[in-house]
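The chains carry the letters A, B, C, D and E, assigned in the order they are written, with residues numbered from 1 in each.
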Amino acid sequence: MTNSMSNVKMVSEIIENSYKVLKKEVISQYQVSFEVNKDDVHSILTLLKTSGWIQLSYLSAIDWPEENEFELVYIVFNWDKAVHIQIRTRLNRENPVMNSILPIFPGCKYYERETHEFFGIKFPGNPGHEKQLILEEWDDIPPLRKDFDPRAYSDRKFVKREYSNDFVNLNGEKSKQIAREERKEKIIKVRKGGRK
Amino acid sequence: MASIELIIVFTALAGVLSYFVGRLNKVAGSVVTILASMFVFVSVAYFGYNNELIHSTEFLPYVTFSVTYLGLFFAILVTFIFAMVSFFNPFFVEKYKYPALYSMLYLLSLAGVLGVFFTNNFMSLFFFFEFVVWTSLFLIPMGRSKRAASSYYAFSTVGSFALLFAIFIMREASGTFNIVSSMASVNGTEAAIVSALLAVAAFAKLGAFPLNVWLPRVLGNSPDAISAVFSGGLEKLGAFVAVLALVKLAPFGYVVDATGLAASQYVIAALGALTIVFGTLMAIRQDDAKKLLAYSSMSNGGYILVALTIASSASVSGGLYHVVAHALASTAAFLAIGAVSRITGTTKMSELGGMIHKMPVTYLVYLIAIISMAGIPPMGGFISKWLIFQAVIDKGMILVAVAVFFGSIGSFLYVFRPLAALFLGQELPQHREVSKEAPFFMLVPMVILSGLIIYTGVLPNFFLGFINNVLTEVGVTPLVIGSYTVTGTNGVLQPALIASVFGVGVLIAFIIFIVLKKSRKVGLMDTYTAGNFIYTEELMHYSLDFYAPLERLYEKYINITKDFYKRLENKVVDLGRLMKYYFFTNKPEIMVLWIIIIMGIILWGDIL
Amino acid sequence: MITNILFGVGVAFFGFVLQTSIAGVNRKVVGRVQKRYGPKWYQEFLDIFKLLSKRSVTHGWIFDFGVIMALGGIIGTAMFMPITSDLVAFADFDNFFIFVYLIAVGMLGMAMSASGSGNPLASIGVMRALTTMLAYEVPFMIVVLTIIKLTGTSSVTGIAEFQQLASNNWFMIALPLGGIVGVMSLMGMIGKKPFETYIAPAEIASGPMVEYGGKQLGMLFIMHEITVFIEVSLFVHLFLGGAENVVLFIVKYFLVYTTLNIISSVYGRFKIDQVVLFFYKWPILMAISQAFVAIYLGWVI
Amino acid sequence: MLSTKFTKLSKEEVDRKWWEIGDFFRRNSLWMLMYCTGCCAIELPPAMTSAYDMERLGMGPMATPRQADVLLVTGYLSLKTLRRLIYTYEQMSEPKYVVGIGSCTINGGIYHDSHAVINQLNRYVPVDVYVAGCMPNTEAVMNGFVDLMGLIKTKKANGWKDYHARNEWYMANQKAALGEVKVHDEFHE
Amino acid sequence: MSAILLIVVPLLAAFISILFKKASPYILLIVSFASVIVLGYIELEVITIGGFASPYGINLVFDQYSLIGLYIVNTLFFLVVAINCVKFKEMSTILLIALAGLNGLLLTGDLFNLFVFIEISGIAAYLITATNKNPLATFNYLVAGTVGSSLYLVGLIILYAMFGTLNMADMANEIAVSGVDASLVAFPFLLMFIGLGVEAKLLPFNSWVKGILASSNKLTGPIIASVYAATIGFVVGRLLTSVFVFSDTLGLVITIILLASIIAGEAMAFSSNKVREILLFSSIAQAGLVVLVFLQGFIGWGVFLVVANAAGKFILFTVTNHASDELGTDEVNDLKGLFVNNKIVGLAFTVASLSAIGLPVFLGFVVKMNILGDLFAEGNLFIPAVILITSVVEGIYFVRLLIKLWYKEHDLPVVQYDFIIKYVVVILAILIMVFGVYTAPIETEANDLDLISFVEGGNL
C-alpha cells in the first residue's frame, strides 16, 4: 500500500511549498489535516479542486470557548487518489465571519447554512444563509455552541414529569440517584477548571 | 300545414334580417337567431311528426322536396341542436370579430342543413351540401385558429366532390337526379364505385380515420357555440350520407361465408374501428377540453360507421340511436365547457380546477353528458352501445369488437379527465373571485339536453319506434321493441327496469348514509399530506398529464395522419415551385424549345 | 315487480354477507400461508361496522354524493345477479352488458368523489384504477364475445344453462385459453395483488381511499365486497357452468375466490404501465386466437 | 306468558346502548396509523408477523390518519415531529386513541435533557396507554394493545373527548413548547 | 348601323384623340360607352366588306355567339376605362386601338383578318403593359406574342395552300367536302393552335404571363386578365368548334397540354404567397379549362365559363392591384386584414373568389355543374376527376387567402378604395350572385348557342 503513503507525501508537498501551514497532522494513511490561515483557505481549496479533490465531503465548525475561537473544518476528497484532506482555520468567536466558498464548491450551500444555524458563523456570499433551515421557530443562542446548556433549555421549555419519591432507602444508605448526581457535579467542575 | 320550402326561405331571410339587426346591436342579432331556430325546430318537429309537411315548390327554382322518415329524423335532431345552441349566441357574440355576420351565417347554415335533409333531388342535395360548407366555413375563423378553416374546407370539399362524382355516375345510369330512382338504377361495378364515393363523402363529413385531421382542429379552435353545433349537428350530415352509402346500396365484394359480410363491409368496419381507436387514444392525451371532446366525437363517428356498415336490424337502429345519443351528449358537454370558458377564458385543464364550487349546475349537466358518452346504463349512450355490441357479436367480427370495446372503455377514461381536472379538485385562487354560475338563459338549454339524455336512456321506446319507421323505409328489418323492452339479436333489455333498480340501490345507500352520524365539514386544503403544511392550491391539484403512464406508451405514433397530409401538401407546393422556376423565367427560348418538341411529337409518325 | 325488487335486494344482501364471510376466511387462509393464525372469520364484518360507527370528515356535497352513487350503483347491479338458473330476481333481463356497464357507475361514483376530495393522491389512484380497467376489460369482453356467439344469448342464466346441458362442457374446459384470460381479468377486476396498483398503500397511501374515513369508508368497503361478489359470481356463471343449487354455487364461489387469493398473496405489485403492457401482450392475443378458433374454425372442446 | 313489557328507553339510553355496540366493533378492529416517530418502531414488525400476529386481535396497519383509529407514538418526539404529529392527530376520525410506546414518551427517557425532545407526551396530545421500557419487548407492546382494548371496553379510553374538553390547556402547552404549530417552510410553498 | 362601326369608330377616335391631346380620355370614355350602347341596336347579319364574294372578300360574322362576346368585352372594357381614365390619361389612344382590335377579333369571319386583328390588339397590349414599369417582362411578352402570331400565320398559309380559301366557313366546308385525312391537316392546325395558345396562356407558351401580371397595376391587370382573356377565349371557341379538325394524335397532345396547364396552374397558385401571383396562376388554370371545354365541343357552357371567369378575374385583379398600388407590396402577410376597414370591396372579392371555386349560390357553380354534366354525358370520367381534384386545391388556396385578408394580425394595412371601384365591383358581384341563383336565362341562352352551326353562319 505504498502508493497511499506516497499520495499523502505528494499532497503535503503541493500544499506546503506554496502556503504557510500552521500545523500538519497525518491522521491515517487516507486522511491528512492542515491548519492554515484564514485568507489562504480559498486559494488552497481552488488548488486542491483543480488537482483532483473535486468533492467537498463535509464542512463544519468546532467551538473552542477557552481560546475564544471557532475552528472551521473543510474536508475534501479525491476519488482517484483516495485521500481525505482537512483544511482547518481559526475564526474569532465574537463575530465569526468567513467568505462563502460557493463559487468553488457549490455543494457547500447547505453545509454553510447549517453551520450558521448551529454555530452562528456568518458566510457572506451564500444567498439567504440566515434563513431558518432545520430548527423551526428557534428562540435561543445557536444550540451547538459549548456555552449553550440544553438541559436548562429543556427544563425551561418542556415540563418534566414529577415523580413523588414514595420509596425508602434500604437500611439508611444514600440513594444511588443522589450519589450519581454529586459525582456528575464534581466532573463538570473539574472540566471547567474551577472557573465559572 | 307547413311547407318545407317556406321554412327554408324563412330561415334564410331570418339570417339576412339577423345580419342587419346585428349591425345595429350585436345581442339583438343573436336573439333573432334564437327565435328563428326555435321557430324552425318547433315547426319541423310538430308538423313533421304528424306528417303535415307539404313539399310543393313555388319560389326556389330547380329544387324539389319530399318528406322521408330518414330526412325527418335527422332534420328534427339537427334543428333541435341548432335551437339549443342558439341560446348561447347572445352571451358569446360580443367576443367575435364580425358579430352580425356570425348570426347570419349561423341561420344560413341551418337553412342549408334543412335543405339537405328534405330534398329528393341529388343536384339540390349537393347544392345545399356545399351551401352548408361555405356558410359554416366562415364561422370557424372567429375562434382561435385561422388554419382550421382551410383544413375544414379542404377535407369537406374532398367529401362533397366525391359525392358529386357519384351523383353524375348515377345520373348516367338513371338519367334523372331523383335520389330514390337513381340509387335504385345503379348495379354491378357502378354500384361499387358509387357506394365507395358516397362512403368517402360520409368519412369526410364525419371526420373518420383517413380524413380526420380537420375535426380536432376545427372543433378545438372554433368559437364554443360553433364547435357544439359542429359536433352535434353538422357531423350528422356525414351520418345521413353514410346511411345512403352503406345501408341503401348493397355491399359489394367477396362474401365471407362464416359471417355473411361482404368485403366492403369489412373495409369500412375496419376504418371505423381505426377511427374509434385513434380517436380514443388521441382524446386521452389532450390537455385542452374542447380538443378532447373533438376527438371523442371523432371516435363516436367511428361507432356510427361500424354500426351502419353491418346493416343488420340491431346495428342500424343502434347506429341511428347512437346518432341521437351522441348528438345530445356531446352538445351538452361542449356547452358546459363553453360556459366554463366564457367565465375563465380558457379551456386548458392545466389552468383550471375546482369549478364545481361556483358552477354546480354546469357540473351536473357535464356529468350526465359524460355518463351517456361513456355508455353507462341509466343514460341513452348505453342503449345505442348495447345494440351495436349485439350486432358486432352476432356477426362475430373479432378485431372490430376489440376496437369497439376498447373505444367504450377508453371513452370512460377521456370523458372523466375534464371532470376530474376541470370541475373537481382544488379551487384555484385566480378563478375563485371571478367565476360564478352561468346565467339562467345559458342553463336552460343545458338542462333541457340533460333531461333528454336521461329520457332517451330510461324510456328509449319512443325514439326506437320512430327509428323503426326509418328502418322500414331504408329497407332493413325493424327492431323488435315491446312497450318497455328492447330485444337485440341475443338479449333482452328493459332500460326502465335498470333505471328503477339503480334508483332503488341509490335509495338504500342514501338511507345508510343518513342513518349514520353526520360527518364534519372540512375544506379542501385540509387533506392528508403526510404531515406537511400546505398553503398553495396549484401544488395540490392533479390535472397536468393526467394519464401520463398511458400516454407514454404511444407517444411516438400520435401524428401519423397529420404528417401524411403535411407531406402531401408539401408535394403540391414543390410541384408548383418547380413549374414556376422552370417555365416562368423571362427567357422566351424555353417556350420555343417546347414548341419544337410538340411539333416533333406531332410529326413523329408521318415525316421523321 | 315489487317482489322482484325485494328479491333483488335480498340477493344483494346475500352477496354481501357471502363475500364478506368468505373474505374473512380467506384472510385466515392468507395468514396460514404466512405461518400465522390470521384474524377471526368475521373480522371483515367487524371492520365494516367499526367504520360505520365512526364519525369522520366530508369535503363537500360531491364527496358524499359520489359515495352514495357508487354504493347505489353496485347494489343495483348485484340485484340483477342470478344465484342459480332459477334463483334470479329479474328472469330474462340479466344481460351480461348490464353487469359490465353498471359496475362502471360504481367506479364513476367513487372516482368522482375521490377527485372531489382535493387530494392529488386520490386523483392519481383514480387514474391508475381507470387505466387498469382499460387494460383488463378488453380481453375479458373478447372471451365473453366468443361465449355469447357460441351460446347465442347474452343473458347470464342462459349461458349457465347452456353449459349445464349434457353435451357441453364448462367453458373453462371448452375454451381453455378463454378460461385463462378470464382468470387473469378477474384478478384485475377484483384488484388482487399483481394488479393492485390503484390501492398501493406504500406509494399513494391507498389511492382513491385517501380522504375517506368513518361511514364513507365503510360504505366503500361494502361496495368493494359487493363488486367482488358480482365479478366472481359472473366468472362462476360464465366459465364454471353456473349452479343447480345454492350450495354448489357457494362451493364454486369459495374455490374460485380462495385460489385467486392464494395466487395473489405470493405476488408483488406491478407498475401501472407494466399492467397495461402485460394485458395488451398475452391475454389479448390468447383471447383473439381463442375467439378465432372457436367462431371461425368451430373447434370447441 | 311473561309479559315482556317494552320499557320505553330514553334517548340517551338508546345512544349509550348503540355506543356499547360500537365499542365492541371498535375494540375488535383497531387500525393503527403507520407513523413511526422514533426507535421503538422496530418493535412493530414482529408484532405484525407470524410470531405475535396482531391481526388476531383485529389490528392492522392503515396508510392515512382518516382511516386509522390508533396513533402509535413510538420513541422520542422531537419538536418538528411533534408539530406533524399534532396535525396528523387532528386529521384522524373520531373516536381515536393514542398509545405512547417507550419511556421517551413518558418522561423524555434518555433524551430528557436534550433541547429538541419533549419530556411528557400527554401534555400535548391525550395519551390512552403508555408502554414503558427503553424499547419495550414485543409482548409488552401487544400487552399495551390488549390494555387499550380493555380500556375501550370499560369506556375509559376517552382521550379524544379530553382533547375537546380541555382544548385550551392543550393549545397552551403546545404553544409553550412549539411556538405555533403550523409553520411555513421554503420547500413546500 | 351595321357591326362594322364597332371597329371603325374606335380607330377613327384613336386618330382624333392624337390631335386633341387634352380631350382624349373623354373621347375614350364616350366611344367605349357608345360601343356598349350601339350593340343593342344592330341586328345579327354577316357583312361582306367591299361586296367581294366570300372566298376572296373579308366578311364579318355578327351572330348570337359574337354578340355575347362583344357585350362582355365592351362592358368590361368600359368599366376598366371608367376606373382608370383619370390616372392613365396618356394611354387613351392606345386603349382605343386595343378596343378596335378586340372588336375586330370577335367579329371577323376570315382567318387572315383574324391574324391582322391579333397583331393590332397584340401591339396595343404590349404598349399597355409598358406602364407596368417592368420593361424586361414587356419585352418577353412582345417576343412571345410575335412568335405566336407568326406561327399562326405559317399554319394559315399552309391551310390556304391546301384549300385555297381563307374564309372560316368555306375552310370548314372544303375540309369536310375534300375528305382529307385528319393527320395531314394536323400540322397546320397545331401551328395555329400554338399561335393562339400563347395568347390564351396555355402552359408551355405562357412564360410571359407571370412577368406581366405579377407586376401589373390597376389598368393592365384587369385588361390583360379579364378583357383580353375573354376575347381570346371567344376566338379560340369559335375556331376550335367550327374550323379545326383534330386527328387523334393532335387531340391527345392538346388534351395533355391543357391538363398540364390546369394542374400546373393550380399547383403554382397553391405554392405562391403573393396575392397577384395566386390570381394569375389561377387564371392560367381557368384558361386551360376554357380551352378544354371548347375542345370537347360544349359551346354554350364554354361561353358562360369565359363570362364567369372574366367577371370574377376583373373584380379580383382590380381590388388586388389597387391595394398593391397603394401599399407597394402584394405579399399576403402584408395585406392581412385588408377588408377589415373596407367591407364592401371585401364582400365583392369574397363573392368573386367563391364563384371562381364554384360554390353554390354563385355563377361559377352553375357553369361548373353543367360542364361536368356534359362531360359525364360524353361518358368520359378522367377529365371530371382532374377538374374536381384541381378545384379542391383551388378552393384551399382561395379560402386560405380570404381568411388571411378578413382577419387582422397586428397593424391594419391602410388602403382607401374610391367610389367608382366600390360601385363597379359591387355591381359585378351582385350580377354573379343573381345569375348564380336565377339561372333560367343562362340555361336557355346556353342551349340555343349549341344549336347554331357556324358553317351556314359563315356565308349567311
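The criterion applied here is as follows: contacts are C-beta pairs under 8 Å (C-beta built on N, C-alpha and C of every residue); 3 or more make two chains touch, one makes a residue touch a chain.
Owing to the predicted nature of the structure, the values given are computational and were not obtained by experimental measurement.
> Between subunit D and subunit E, which partner chains are common?
Intersection of subunit D and subunit E contact lists gives B.
> Can you name the chains that touch subunit A as well as subunit B?
Expected: D.
> When A-D is set beside C-D, which has more C-beta pairs in contact?
Pair with more contacting C-beta pairs, A-D versus C-D: C-D.
> Average the CA atoms of each chain to get its centre, and name the chain whose centre is farthest from that of subunit B.
Computed centres place A farthest from subunit B.
> By C-alpha centroid distance to the whole-protein centroid, which chain wins?
Answer by centroid distance: B.
> CA centre of subunit A versus CA centre of subunit E: separation in Å?
A distance of 98 Å separates the two centres.
> Taking each chain's centre as its mean C-alpha position, how far apart are subunit B and subunit D in Å?
58
> Please tell me the distance, in whole Å, between the geometric centres of subunit B and subunit C computed from their C-alpha atoms.
Distance between chain centres, rounded to whole Å: 35 Å.
> Can you work out the whole-Å distance between the CA centroids of subunit C and subunit E?
Computed from C-alpha means, the inter-chain centre distance equals 77 Å.
> Give me the residues of subunit C that touch two or more other chains.
Within subunit C, residues 53-57, 205, 210-211, 214 contact more than one other chain.
> Name the residues of subunit D that each touch 2 or more other chains.
Within subunit D, the residues that touch at least two other chains are 64, 66, 91, 183, 185.
> What are all the touching pairs of chains?
By the stated definition, chains touch in these pairs: A-D, B-C, B-D, B-E, C-D.
> Show which residues of subunit C lie in contact with subunit B when the two form their complex.
By the definition above, subunit C touches subunit B via 5, 8-9, 12, 52-60, 62, 64, 67-77, 79-80, 90, 92-93, 95-98, 101-102, 104-105, 107-108, 111-112, 115-121, 123-124, 126-128, 130-131, 133-134, 137-138, 141-142, 145, 148-149, 152-155, 205, 210-211, 214-216, 218-219, 222, 271-273, 276-277, 284, 288, 291-292, 295-296.
> Would you mind writing out the residues of subunit B in touch with subunit E in their complex?
Going by the criterion above, the answer is residues 61-62, 97-98, 123, 126-128, 130-131, 133-134, 137-138, 141, 146, 149-150, 153-154, 157-158, 161, 164-165, 168-169, 171-172, 572-577, 579-580, 583-588, 590-592, 594-595, 598-599, 601-606.
> What residues of subunit B sit close enough to touch subunit D in their complex?
526, 528, 531-536, 539
> What residues of subunit D sit close enough to touch subunit B in their complex?
Counting only subunit D, the residues touching subunit B are 64-66, 84-85, 87-88, 91, 182-185, 188-189.
> Quick check: in the complex, which residue numbers of subunit D touch subunit C?
Within the complex, subunit D contacts subunit C at residues 18, 21-22, 25-26, 28-29, 31, 49-50, 53, 55-56, 58, 61-64, 66-67, 69, 91-95.
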